[in-house]
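Pasting the structures in now, so scroll down.
In the two assemblies presented below, subunit A is common to both, partnered first by subunit B and then by subunit C.
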Partner chain A sequence: MSRSRRIAKEMQDAQADPQSGIRLEMVSESDISHLKGYFEGPPGTPYEGGHYQVDIEIPSDYPFKPPRMKFDTKVYHPNISSQTGAICLDILKDTWSPVLTLKASLISLQSLLTSPEPSNPQDAEVAKHYMADRRGFDNTARYWAKVYAGADGGASATATTPAKTPDVFELYGIDRDSVKAFESMGFDQQRIVEVMRRIGIKKVGADGVEDRILEELLK
Partner chain B sequence: MSDASDDFDDYDQGSEFDFDEESFGGSDYGDNEGFEEVKPESTKLKAYEVEHEVLSTAGIQQRQDSQIGQVAAILGLSRESVMVLLLYFKWNNDRLLEQYTEDPEVVLKKAGISADDDSNKKEYKIMSVVGFMCDICCEDRQGLETFALECDHRFCLDCYKQYVTQKIVDEGESRNIQCPGDSCSLVVNNEGIKLIVEDRVYKRYLTLLNRTFVQDHEHLRWCPAPNCEYAIRCDDVSAKDLKTVVPTVQCACGHRFCFGCGLSDHQPCICILVKKWIKKCEDDSETANWISANTKECPKCMATIEKNGGCNHMTCRKCKYEFCWICIGSWAEHGTSWYNCSRYDEKSGVEARDNQAKSRASLERYLHYYNRYANHEQSAKLDKDLYLRTEKKMTQLQSTSGMSWIEVQYLAQASAVLQQCRQTLKWTYAFAFYLEQNNQTHLFEDNQKDLEMAVEQLSELFEKPIQELAGLKVTVMDKTAYVNNRRQILLEDTAKGLHEGRWRYQVELK
Partner chain C sequence: MVQEGELPTIAVEHDPDQLDDLTILRLTQEIKDVEAFKNPLVGDFKPISVLLDEYKDATFRSKIKALGGGNAGYRPVRGDGNCAWRAFAFRYFELLSNLSKEEIEASSKFLLSRTGILDAAGYSETGYIDFVEETSNLFQKLPDMTPEQLVSEFNNAEVSSAIIVHFRLLAAAYIKTHADDYLPFIDDGEGADISEYCNRNIEAFSVEADHLALSALVNSMTTVDLGVVYMDRSAGEEAVVHNFFPAESTAEVDPPLLKIDLLYRPGHYDIFYK
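Presenting the complex of A and B:
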């Protein structure tokens, strides 16, 4: 009972404050336990200009238990799964407090985009990319924002599939020439990309890396 | 449950261990609140016993209270605050006092206590505030009951109650229940919790507190027997002593266990060896048996080989060495003629057999100890059965021989002694397995042999038909006393040896 009252109030508050850039919507009128949240990618980050949609499930003992949130929009970020959109954020787990709100959580998500914590990653592949090659990471993250989150007037906010077929090299931050080199040996492009992603290599340069990829390709 | 000491003073309902005089004298079982127990002089501890005390829930509570009172007096803080502090410092007085004297404010803050605690302590109150709206449920009706800690993060009582209840019941938290306010680390103390939640939840909270109290104290341990609610206090033993002591304690429920590792009584074997032994048995025993019976090792690379058919000209799959299955010698020395292994004394064959004999011997040595260990373990498992049969025998004896109840108790005694001795014997084999062969070990093995012989004799007597048993009362009683005595001698000597560092082990103790 207190739960529906509280959620209604939270929705009202969010509506009354458009300045915050946070929007909350019910998925269906009859179900208050399933919401969608929307916010913009924070300026000064690779996510700038992107429109992000977050799926919000509200447990029955809310607000004593935290809401369950995950990104619907694909995001390239160390603390967000690039596959499922699952989020690693402390206030959605142990440090949740019943006085926190959906709006506050979404704002926290927004600031998570600004300051990733690669030492506590949700997506190891992305985190590795972030740590090893910050510039490459930014490019890939920006590309994802463009393709999936409609930055630069690209796709719409709700797109889970990109507006155009994305470029795999940009998408995974993998060096085009390195893949070409293996392609010229007669391997399938898709397979090369898959192997390089799996073992976390973006570019062929250092000694031994090439052999390692070849070894995997020949398995 | 009645006072723990009742169970032991009252002979009728005592467990099967009651008669065991050593366990009477050895320790103090009561949670004797309020009265002193008079100890007879003969209660001097034997070398293999450790002083311990059984604590009931009330006893644990009492110790908690007294520790809190003690610290409160030193620090001049309220009992509630001291409790929060002690919980934060895991009931470690010294660490708390040291850090507190260094910087009281920081310690209070870290533990989650408001700093103005001692000066003007406000009593917690449930009250209604005009124009209040609860931040959790958004309720704002007039006369709403609310609660807040010193931090003034005020919420309605229902929400507070639900929050605290969830922490206690769902998450099992008692140490650190913080104010629900965002990033407020003030702790809701005992007084606050009592005020807010229902009795049922408060009881649960106290149980959880007791649990953390026992877990935090090095010298306290819960009795591991199922459904047993007692804890044991044993002050003289700490983790580093476990190489020289086997601190066996007995709970008021009758369960005997090792205070060091929590496993059931494993005297005279020390914890470290017990762990090694159990692991070895899990890894090895059955496999080792089969290997011993069905295989030989390649004389070159020691790979274990099963011969599942074919001729005796073996070629090792692993190292390609060719050898003769019968004499284990190199096949080259057998020539190319058709097989006839009469070449028993060939050099390579002798060497190979030597090597093989060594590895077999170590396996057989293990199996020797394991089989005896397992045998006593098996017998120990039949204990319950044996005891039930004893009871039946006792009733039969009462009706056939006209003996009274008290007169047939010797059988119960004999049965219990048997059980305990088998438990001890079992672990002597694990212990002996790790001992180096020297004179000390021979003495140990002699003691072991004496005990084993005596146990088997008593066991045999015990199996006698009911008609004969009545006439054997004195014999059984004598034997029981003798067996028990042998056990004590063995334990006493081993314990002294441990203490003096007399035993030499084949393995490193780590």
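Presenting the complex of A and C:
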């Protein structure tokens, strides 16, 4: 069985099934082992309307080893690194089976957007946000979809750079007034946001939280 | 994949705190590749005395001695998570290769007819056809192959891995089409899912076969009796042998019944010859 033949067949299959909403393209015509996959954010989720691009590297022993996939489009999701796009999904690791295909893998990524698994996170900060404040998480994820994935016509489909400079408060789901309070004490906004992200606090309010942030800022 | 003749090296310039999942996955794979490189996928036959040299432990030694001398021996198979499957598949074809062309043909026809249970279990033909084809190709070449050629065919990772996927799918399909028989063994009290079990334990490549998987494999093939010699530290002068017999009788079918023996040592299977 030839690996190239299988990949070519998989690409044809995906093309012949536009209903699936999955698109596969070669990055360069001379290299069948490097592809890009595309799909839409699933309806009823904060990712709805977003266009997602996934980088796909196919190892030499495919299909006996899983394809290496990561998001090119920035995604705010517990199982996807908000920095690198690295994905935590079992079928792309231990439970990969050679009967799975690139299309099936991309459909699984799409379902991952619908059903996050915060207990097995790729991005701890995002997972914490998801667990602690579901509504706040949804707002942030929706904002990222708009800024990076073109939901609501915000950006282009291949956006790794946002269409406009993203609002730092919306981007990390951090309360604007809480940051302002520290700014008025003379701290730098960027640093306040960095500290609040690091210790996983989105809003000042509960007892001791303000002191904790202050302590970090004064370090 | 590791090429013969070049030993892979592992890059160590990574800061452990900076590793992302993809890098960890890649490094783990590299470690496995280095390990694997030391042993062929399917090795050469060794007399049982070679095994005796490996152990100082009295329990092991008495059990190994009890396996018998004379022609008894084993054939090491690479420990890459597929060893039970690869051992089984190799031995299956090795036993067939000693039979007549007609018997090989009957076996081929019968095994390929079992593809029906893949359809019944809901696998798509596009998904499995490449792997079944590899099995079919080997059946066609088998009557003219020398024993050395068969070993070298199985050391071609693409060939033997494809056949392993075929056999894994047969086992998984058997479980899926006999869910009532298997559910009690899979049920952990929190609601078991047959499909999930098959995906994680059988379809997943490089996940070692458990007891259930071997039972399902034997049931799906219907023409093989499997004996597993458990070589462990449990009490006793002799190793425990567990036999798997197919649930459905093959009395009505043409292909010859084969007897495969595997030698189990904790975490690993090799082929056993009596």
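Note that in this section the second predicted complex is superposed on the first by the 218 of 219 C-alpha atoms of A that agree within 3 Å, B and C clash if a C-alpha of one lies under 4 Å from a C-alpha of the other, contacts with A are read in each partner's own complex, and residues count from 1 in each chain.
To be clear about the criterion, contacts are C-beta pairs under 8 Å (C-beta built on N, C-alpha and C of every residue); 3 or more make two chains touch, one makes a residue touch a chain.
As the structure is a computational prediction, the values presented were derived from the model and not from experiment.
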Superposed partners subunit B and subunit C on subunit A - clash or fit: clash
Touched partner set for A:48, first subunit B, second subunit C, both or neither: neither
Partner chain in contact with A:133 - subunit B first, subunit C second, else both or neither: neither
First, second, both or neither for A:61, with subunit B first and subunit C second: both
Partner chain(s) touched by A:175 [first = subunit B, second = subunit C, both, neither]: neither
Which superposed partner A:117 touches (first subunit B, second subunit C, both, neither): neither
Partner chain(s) touched by A:97 [first = subunit B, second = subunit C, both, neither]: both
Contacts of A:6 with subunit B and subunit C, given as first, second, both or neither: both
In the superposition, subunit B vs subunit C on subunit A residues touched: C
Single subunit B stretch clashing with subunit C - from 21-29, 93-101, 111-119 or 309-317: 111-119
Residues of subunit A at both interfaces, subunit B in one complex, subunit C in the other: 6, 9, 61, 64-65, 95, 97-99
Subunit C residues within the subunit A interface of the complex: 1, 20-22, 25, 29, 123, 126-128, 130-131, 133-134, 157-158, 161-162, 165, 168-169, 199-200, 203-205, 207
Complex interface listing, subunit B residues touching subunit A: 135-139, 153, 155, 158-159, 162-163, 166, 180-184
Touch list for subunit A against partner subunit B, complex: 2-3, 5-6, 9, 61, 63-65, 95, 97-100
Subunit C-facing residues of subunit A, complex: 1, 6, 9, 13, 59-61, 64-65, 68, 70, 81, 84, 86-88, 90, 93-99, 101, 122
